[in-house]
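Please find one structure pasted underneath; my questions will follow.
Per-chain numbering from 1; labels A, B and C assigned in written order.
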Amino acid sequence: MSTDILERPPQQRAAPLHTRLKVVDCDIHPTAASADELLPFLSERWRDYMKTYGGFYRQPLSDTLSHPRMAPDVARADAWPPGGKPPGSDLAFMQTQHLDANNIEHGMLMPLNRGPGNQRNLEFGAALAGAVNDWQLAHWVDRDTRLHASIVVTQEHPPFAIAEIEKRAGDRRFSQIMLPPKSLEPQGRRRYWPIYEAAVAHNLPLALHVGGINGYPATASGWPSYYIEEQHTNVQGMQSLITSMVIEGVFEQFPTLKVVLVEGGVAWVPALKWRMDKHWKRLKSEAPHLKRPPSEYIHDHIWLTTQPLDEPDADMDLAEAFEQVGVDRVMFSTDYPHWDGDEPSFVVGKLKIGEEKLRRILRDNARELYGFK
Amino acid sequence: MTLAAPDTLARSGASSGAASPRTSVFGSPAIDCDLHIAVPSIKALMPYLDAYWRQQFVTRGIDRLSWNLTSDPPGAPISGRPDWRPATGKPGTSLPLLREKALDGFGVELAIANCIYGGAALHSEDMASVVCSAMNDWIAKEWLDAEPRLRASIVVPMNNPELAAQEIERCASDNRFAQVSMLVAQGEPLGKRRHWPIYAAAEKHGLPVCLHAGSLYHHPMTTNGYGSYFLEDYVAQAFAFESAVLSLVSEGVFAKYPALKIVFAESGVTWLPAALWRFNKTWRGVRAEIPWVKRPPMDIVRDNIRLTLQPFDEPDGAGRLERFCEQMKSDRMVLFSSDFPHWHYEGTDALPISPKSGLARRILYDNPRETFPRLGLRELAR
Amino acid sequence: MSRQRHVVAAIDEVGPGTSKRVNVAGRDIALFNVGGEFFALANKCPHESGPLCQGKIIGLAVADEPGKYRIERDGEFVKCSWHGWEFDIRTGQSWCDPATVRVRAYDTAVENGETLVRGPYVAETFPVAIEQNYVVVEI
């Protein structure tokens, strides 16, 4: 009877590597227990502004996304801490349920609080970014040294972003710069280059976590009806981002820039490489600043995170896709506490590429990128 | 995977009346499912307009405009292979060249022409509609009457699905129109119910609906706005096709019109399996949002979506076409296309697999015959 | 035949439309009450091992055509607490892939205390009252 096979957890099918190995999780979402939790980190002016006006976005609904999610707070149902606080807001609970249980050595914080980078009021966006950064330290990093903060910035006015980067760059508690992949122009456009210059100057990777609000529809044919479509546009958003940064010449200009794409998945990358290379060959006279095939820039500059792990029917298809991407460029992530996350046991069971390569993905690639020992 | 089954179709020789189909340069019969003919200028369409619109076009100077599409710039290298460009005028405007290079050059039995033109992109729904009608009449007279191996796509005003459906009804009696054609990037997602009159009319007449690379530019090609280079937009066409898959399946187009075939033209092909792994995965968890989708999306796509071969996005000789068929568990989805006069390869090197393989035979001939039922119709109504 | 019957809960501990996590002979089991009938499933989704006992108990969303929504068999499915896969509480079969993806289902019965005292049941540490009814899971 098939039941017995299916009931068996993945770790019994493969070597239980994750139980022997400390893991780096490149996508953990800390949540404020309430909006008030950020207020102490804002000046009086912006406290008043936030209480009076809230956020101000390029979308119809003022306090939530316009495609309702499929789970309360986008969270797995077992991630609600006792006492009714929202998922991801209670460090002790996160430690028990995730950091300790999954043997997490380093966890990269991806705070999504109110999207500082997508605030239409740029000064508020900058103030909010600063507050989120202070809050990450006070509530998380200073209370658990496994956790690493990301420098949240408001990218639409690069001087504000650069000021925030300069302020935090010397603080080793921050490991990267976080930008929303939904910006007002494609990320390769020159308006954003000063931010990349600052990132390179301070040797900080850029992390772009799916999501954001920029007013443009999620597809080239406008807004889709359903969440299942809108969620998938996270993939096209990442594809667009890579296409733009590569073809506009960002990596020619900044040859040491490193970019981490968080929660975009992995398996779509090979076909994008093939497509970009093929059509670059024919159209290279339009972009003579590109000295190499696009796929080479992608491999040298782009890191990907595993979650949501692609699930072809045949596991060998997944392994093949990872090999085509390059297993030196993929890093493990859970997306804790969100509903569509992956635990290390699942990735170890599903990704049949051998223990040596799995070790790179679960730990070593991230250690190297972020300079963790 | 089902490997090339014996061809069970009747060998009527399509409309040629021949006992058996012509043998192509690949050694077996072939049908070209995407080549391009182009409107040389608006002046060519003037005889097909009524008095009101002729007066409008002349008094407004519209007859002096090019109406080339931003997504299809005639001068770009990709738009016209050097040996496939006419001495003067836009690529795709010369019937003798099309005969020599595409029809004779590949030795195809039949070829389905797409005419991608800015007239269909006009914001004025009425003007777009009369231009589409004029194009369809011009295609029938100037191309189909002149070349019996040619078939064509019905061009429709995409901004007004009711008018588009009327145009399908008007043209459907001419069996030389083998499909309906639209651009993949439109004002609203392709699966939205506003488009359904088009699908209803198409299904009724056995016409697949071709979504061709290109944009009406109601929105930028990416969700981050406008990039600097045409190359970016061209790469992003595949993302628009990916969105079309999500929209067509999620909105229930194939639940409502199960016999409808959607043909992706110039989509790139190789991105599809990974997109469907993701779609299948998400569907398993959130399918209650779209309960009319009762099977994994990949199964629906396998039954209802077809893709033309060129441009085929892979490194040379990487074997991706075979892997595509294995991953999709189907060898029925890909349709041979030369994409004449676009420049993706040299000579007749349009087939990324051995022409001797059973898969080649399927792609060259059997799949087109199964996808376009009207190709087998010998009665040509006028 | 080494299957044994384990007393796992008094029936009023698991009200209609609710679930309870129980441990039976070292196994993590989610016990469900569907309109007074009791069902036991392994508390582990076959996909990524999410706990089913914390999943929402739901009806099956169906549609005969696009836009026509309705619920069938309300309360007879559980939605995994992580990725939302739906399982038939009665059989453990998944909705998305019933042929190959299912969660282990165990036989259950309701017995009264008087019967239980006569055995044979494994209930070493389970206080049983004669006048109460109990859920029994066979493993």
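FYI, a contact is a pair of C-beta atoms (placed from the backbone, for glycine too) under 8 Å apart; a residue touches a chain by one contact, two chains touch by 3 or more.
A quick note: this is a predicted structure, and the numbers were derived from the prediction, not measured.
Of all chains displayed, A has the C-alpha centre closest to the centre of the whole protein C-alpha set. Averaging C-alpha coordinates per chain and comparing to chain C, the farthest chain turns out to be B. One finds 37 Å separating the Cα centroids of chain A and chain B. Chain centres here are Cα averages; for chain B and chain C they lie 52 Å apart.
In chain B, the residues that reach two or more other chains under the touch definition are 251, 283, 285-287, 289-290. Those residues of chain A in touch with two or more other chains are numbered 70, 339-340.
Residues of chain C found to touch two or more other chains are 83-84.
Chain C makes touch with chain A in their complex at residues 42, 44, 46, 48-51, 54-56, 81-84, 92, 100-105. By the touch criterion given at the top, residues 2-4, 6-7, 9-10, 70-71, 76-78, 339-343, 345-346 of chain A touch chain C in their complex. Taken in their complex, chain B has these residues touching chain A: 76-78, 184-192, 215, 218-232, 234-236, 238-240, 242-244, 246-247, 250-251, 268, 270-271, 273-275, 277-283, 285-287, 289-290, 311, 313-315, 318, 320, 327, 343-344.
Against chain B, the residues of chain A that register as touching in their complex are 70, 181-189, 214, 216-229, 231-233, 235-237, 239-241, 243-244, 247-248, 265, 267-268, 270-272, 274-280, 282-283, 285-287, 308, 310-312, 314, 317-318, 321, 339-340.
Residues 47, 58, 61-69, 80, 83-86, 95-97 of chain C are the ones touching chain B in the complex.
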